[in-house]
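Right after this note come the structures.
Here come two complexes built around chain A, the first alongside chain B, the second alongside chain C.
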Partner chain A sequence: MTLTQQAEAPRTAAAVEGRRRAPVRLGTTGIIYLALVAILVIGTVLVAADGDNLLAERNIVDMLTRSSVLGFIAIGQTLVILCRSLDLSVGYVAALSSLVGATTMDGDPARVPLGIAAALGVAAAVGLVNGLVITKLKVNAFIATLGVALIIRGYLDTEYKGPAGSVPDSFQNFGYTRIGVVPLSTAVMLAVAVAGIVLLRRTRTGYRMFAVGGNDEVARLSGLRTDRTVIVAHVLCSMTAGAAGLLLASRFSTGVAAQIYSAGYDLDSIAAVVLGGTLLMGGRGGIAGTIAGVLILAVLDTVFRLLQIDPFFRDVLRGAIIIVAVALYARRQIDRHAVRARFGKHGRAAGGQDAPRPVIPEARA
Partner chain B sequence: MSHPATSPARTNRSAAVGRSALDLFAGGSGTVFALLIVVLVAITFLNPSFAEPPSLMAFLRNAAPLIVLAIGQYFVIVSGEFDLSVGSLVGAQVVIAAKLIDGEESRTWGVIALMLVFGLLVGLVNGLVTTLLRVPSFITTLGMLLILAGAVRLWTGGAPTGALSDSFRQWGRTGIDMPVVRQLPYALLIAIALGVAAVLLMRAPYGRTLLATGDNPTAAAFAGVRVWRVRTLAFVLSSLMATLAAILIGGFAGVSAQVGQGLEFTAITAVVLGGVVLGGGRGWVVAAMAGALTYQALERLFTQLDMPTTARPALQGVIIIAAVAYAARSRGHRPPPPAPAETANDPVPERVG
Partner chain C sequence: MTAADSPLLRMSGVSKSFFGVEVLHSVDLELRAGEVHALVGENGAGKSTLMKILAGVHRPDAGVISLGGSEVHFEHPLQAQHAGVSTVFQEFNLLPERTVAENVYLGREPRRRGLVDVARMDRDTEALFDDLGVSGIGARTRVRSLSVAQQQVVEIVKAMSYDARIISMDEPTAALAEHEVELLYRLTRTLRARGIAVLYVSHRLKEIFDLCDRITILKDGSVVTTTETARITPDELVRKMVGRSISTFFPDPLPGAELGPVRLAVSGAGNDYVDDISFEVRAGEIVGLAGLQGSGRTEIAHALFGVAPFTRGEVRLDGKPVSPTSPREAVRAGLALVTEDRKVEGLALNQSVLANARLVLDAVLPGAAGKRAKAIPGILSSLELTARSGAREVRYLSGGNQQKVVLAKWLATEPAVMVLDEPTRGIDVGAKRAVYELMRELSARGVAIVMISSELPELLGMADRILVLHDGEISGELPGGVDEEAVMTLAARPMTAEAAR
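So, the complex of A and B:
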């Protein structure tokens, strides 16, 4: 990254701080984490002015707890969006797997592993259907996943009139245990995020996802089985949504449908992914950014709650913040659009989480 | 395909007409008309009184708002974008109308004018943020959805107040009394008028530019199209159509906090059912309107079949996926139509040879 490009970075307090801290280039992911820090600082000041402490233990726990469900879903959504696809069925998959998990467990601690397996298996099957409809029947992802969502909704509304099944106490711990200030569910979510980052940066499947999202036709002509890559992404996405469903089941201590699928996880997860710097058109981005996006949304929610802002006004602010944030990234992407090398010196994919790695400056120097 | 812009050779039109009969069941834009006919026949078979003019008119009146919304969404989708804000815009407009009119007849026209201005502004913001600030339209309009929904509930405190005047409600409710059909709904007339206007617009330079932009914005920009202006206008048209749909829906269904919820997905589904390709550049506005009509007809068919309300979404999902998959399959097998027409009409080689 050259000095002139650094000078073009937005002249906010966060960017100034970033310039001092980072002698190497500051990637999109770095910017997002700086934005997260900036929002935390602003939030702390605002909350302090209101006579409360945002960084008190219970508030941090609140923020992390809020982020875990959306975090799971957004991790999967990132993989799908990287492949230039989209999944609008995640909320319904979460509802379905919460019910499948809770009814399979049926209050029996011995059946917990079976319940988890059943829920994730059903979720994976839905993901497989999504992927097959998109790749083999060539239905646009928007319509395909919307259609599958409607199908699941019809099934749920017909089969389950209310909460069903019950979760044994041992599994409820998943929703409520904490390690220090970090809830167990958040820790698991972060572990899944790390696994996802490794998948994207260190495995062939991950590289293929970037390739397919970057240019499907070129990837196909290069000999990649593009269909298979998209299907894998959809299966993984549904499985993380299934994990979110299990977490919700453990919090509700039973399986529920309408409460989960009407919570807007589908659009929220897409917003978090895009807020995290992943291009909606695919091929660029990563899970580290997505986690920052999820945390930003969680911090905002907590700040709004502490400031006792009208819940309806929260929606307005949320909408405005999402648009403004994405507009700011878009400016950066215009500044330095196509010249970025997608692959580093050693043939490694560098289009992903590019912030912490010094490979790119070497490659460009 | 029977679309005007995809068959530039006017001499080939007769051949195109001959082919269009086959097109009906061959996928693309044609699929939706075939599906519509099948569904309508099925409803009539189950309930012969459906085909009587009065009940047909009632059905069309119910379908009119979605048709209007589909026209608006068509402009945005064919330009390569999305508009997720129409549902909450409809809700906002209905609530605004009720609150400002508050039952006073004299305020009706003033408030309708104000609603149109508000719709114009929303569309302008959607369009400018998407084009000039380069925010993906999915995010822009999603943000707009949150903002509008939140703002309206904030303004009304969660429960809409006020009332609509009769002269406001007549557009969605009543019609011109006539002998055969008993009543020709205004809503239907408005939908037809807007449909005709949309067809004319798509044949005008703007429409062709819009299609070119959706097909390949870079090429369109090199050809001298001001892409941002074309797309922004598409968003404005979509918001204006949503405003008109809100007038019809408000008149027909009345005021509640739930008005318009989920309509954005219904409108997009209707347009896609009409064979319009998400991503832009291909599709016919009349087919999009037929898609909306088909969607309503399907709902009616489910009612007729006494299907439990809870199971309906499932069947809807299956039909939508099947229809789009069918259209996609046929599109893949068709040879590119403009190529032979282009060479046959190209005057240069003939003069030289």
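So, the complex of A and C:
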């Protein structure tokens, strides 16, 4: 860039500089994985001080197993949150599909595919309802999915007083088989996560989700069918919740209701998504971060279990960690909008900033 | 008439009413290929409505629009876009968290085997920018990290990528500082050279005369005239728009107004953003703060008002040291700040005019609220906001009237020092005049005024003294009424020195 150009358009200088620097900069996702590593290290030290080994095989298996169910749900939750929506019905959808799957399979190995299809189909239908209520009836997503959740809960509580259906041994493998230390269910979850990442980064559907969540009106004026995008996100979200329900059914070897829907997957999944750096207001984030968020929660739970921390106090710690993490993101967000400090504590005289400064300070992350 | 002269777009007899109120009355407008055509008029004259009809957002009640000789009916913005009519709206239509390329190709990303071809999309975007001679904007840059001017450029390039033959721009420079406008000028001229018709709406007369070939003046929904720019003077233009002449545009100080004692004294103040700031403002004085975007003008306002306080130095108000650490303390001390972005920082848009006008009183000065609130109806009517409009939600008001509500809110607090940050941004000539008159009246009452503006003519016309900022420091002081070049030299001096090095 020549000097004359610099004089004419000083701001472009900062942008070019930013472009050059971009690859070196650690993205939000990178920071979250660093946090995950930090928590693993701290957890290992704490557990070691207690005379145990966090990185022992059984503990790693425990962490990965914990992360698979929440992982499925959080992947779907990421999609809807990116669209500036929300799904509070995921726990109930998981419960419903565990029952639908288990009763359809009814212990018959030949009916496993049918059971999977039925469970995912029912889940997709619920997602469709969620999406339609939100986009066509213009009901706030919070209320819409809460209402649908209550409807499902009422249905489950009247129809199924206890466990129902039976899962054949072959399908129980889904819950218990391991490849090395990696449970099959975690591997499947990660495969779904990769599919989700491809969806968001390399398909028009994914691009539309970012656009709709970022600014609905901009998306509309660019010719996107915004309603359809939100509906697709909700259908996919419910289907991942359905997959989680199937996984739980295979672990319980039967379909259950209250045990699943009272496990708090709805709020945990939102916590994982937000921990993973996705904006609750939509438009920015991604599944890679969400998986880190899920893993962070799983590591915490395993560490708490090994340290035999009182379950109630465990919730206090979890809550505090989530709040602190999100507060830190919020700071980053604020800093981004602020003009970078130009002068030191005592002004230029003492600060001695002689190095050439950009003509216009550009706020950078 | 040659083919080149025949209009690309012809709108004839276009009328539009909203809720029984006619906002456009049988408007005729012609756009020729390769011209920049200004559309001017006060707020409420119908400019935005006309643009939205052209963009396919609204449908006309009557009238014919023909494009390249054949009649068109746009039902949706997309149809207009596909027909080659693109609009850069006043509100930004970009996704800040997405890259430039993702914004330009939103909704029509190139694909290969079902997946978005990111590499090609980036390449195509870079090619678009290169083709239009724009440098310094990378396809993979997040829009958020671009300057406002660059974002405007991205929007225009996005519009161009639809193979636009007509581009209309609604106040593209409203949020730009003077030096950023040049980027937009260059791009607009490139478009003109390509044979594209540009419809240019702006409140800045300078731009209209710098850039536009023809001017159409709207007043109260009707076309006053369409004329070649060369055949009209700024003075005539303003008169035709509002029936007033520009020479009386900046009101003189009221008779009997004179400078009183020092009310605001800042000495050696600074924080992270500004340094070594010293100045005084007397009762009845208007001090202007000039400088390029990012030079620290707004930061001084924020520091005075306790948003990001000074961390060193001293501020005295009527002789007493004050150091507000929050806007709340600043208000109590007798300061008022009219922020530069009224929609975000100045108003509760979905509340009524009255509720907004009472906001600061109720929130910060509840003790005095009852007494001072009695003055609010008077303040509103003195600003020509009728009592009837008191219950209306602020978001339905025009920009000028919204700004008046912001002013009313602060006048109700009876401040000793008023800081006005871009007080006339995006408001029409009539409302500007009202703001200027109000400033004169406040001066006569002994209020000390600090005025920040990117529009130099208004600073030169209104301020008694002008402080020029550069890079967070005061680079010089000038008397009011100097010429623009003197200010620009101070504002840019160190920068040109660097460039020369």
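To be clear about the criterion, the second predicted complex is superposed on the first by the 313 of 365 C-alpha atoms of A that agree within 3 Å, B and C clash if a C-alpha of one lies under 4 Å from a C-alpha of the other, contacts with A are read in each partner's own complex, and residues count from 1 in each chain.
Simple rule for what comes next: a residue touches a chain if its C-beta (ideal position, glycine included) is under 8 Å from a C-beta of that chain, and two chains touch if they have at least 3 such contacts.
The shown structure was predicted, so the numbers you read here are calculated from the model rather than taken from an experiment.
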item: First (chain B), second (chain C), both or neither touched by A:202; value: second
item: Contacts of A:139 with chain B and chain C, given as first, second, both or neither; value: first
item: Contacts of A:326 with chain B and chain C, given as first, second, both or neither; value: first
item: Partner chain in contact with A:191 - chain B first, chain C second, else both or neither; value: neither
item: Which superposed partner A:45 touches (first chain B, second chain C, both, neither); value: neither
item: Which superposed partner A:117 touches (first chain B, second chain C, both, neither); value: neither
item: Partner chain in contact with A:219 - chain B first, chain C second, else both or neither; value: second
item: Chain A residues touched - chain C or chain B, whichever exceeds; value: C
item: List of chain A residues in touch with chain C within their complex; value: 1, 3-16, 18-19, 22, 198, 201-204, 207-208, 210-211, 214-215, 217-219, 221-224, 279, 283-284, 336, 339, 341-343, 345-348, 356-357, 359-365
item: Residues on chain C engaged by chain A in the complex (per definition of touch); value: 77-78, 81, 89, 93-98, 102, 106-109, 111, 114-116, 118, 135-138, 140-141, 144-147, 149-150, 179-180, 182-183, 270-276, 292-294, 296, 299, 311-312, 471-473, 495-496, 498-500
item: Contact footprint of chain A on chain B as seen in their complex; value: 84, 129, 133-136, 138-140, 142-147, 149-151, 153-154, 158, 265, 268-269, 272, 277-279, 308, 310-318, 320-321, 324-325, 328-329, 332
item: Touching residues (chain side chain A, partner chain B) in the complex; value: 133, 137-140, 142-144, 146-155, 157-158, 267, 270-271, 274, 280-281, 310, 312-320, 322-323, 326-327, 330-331, 333-334
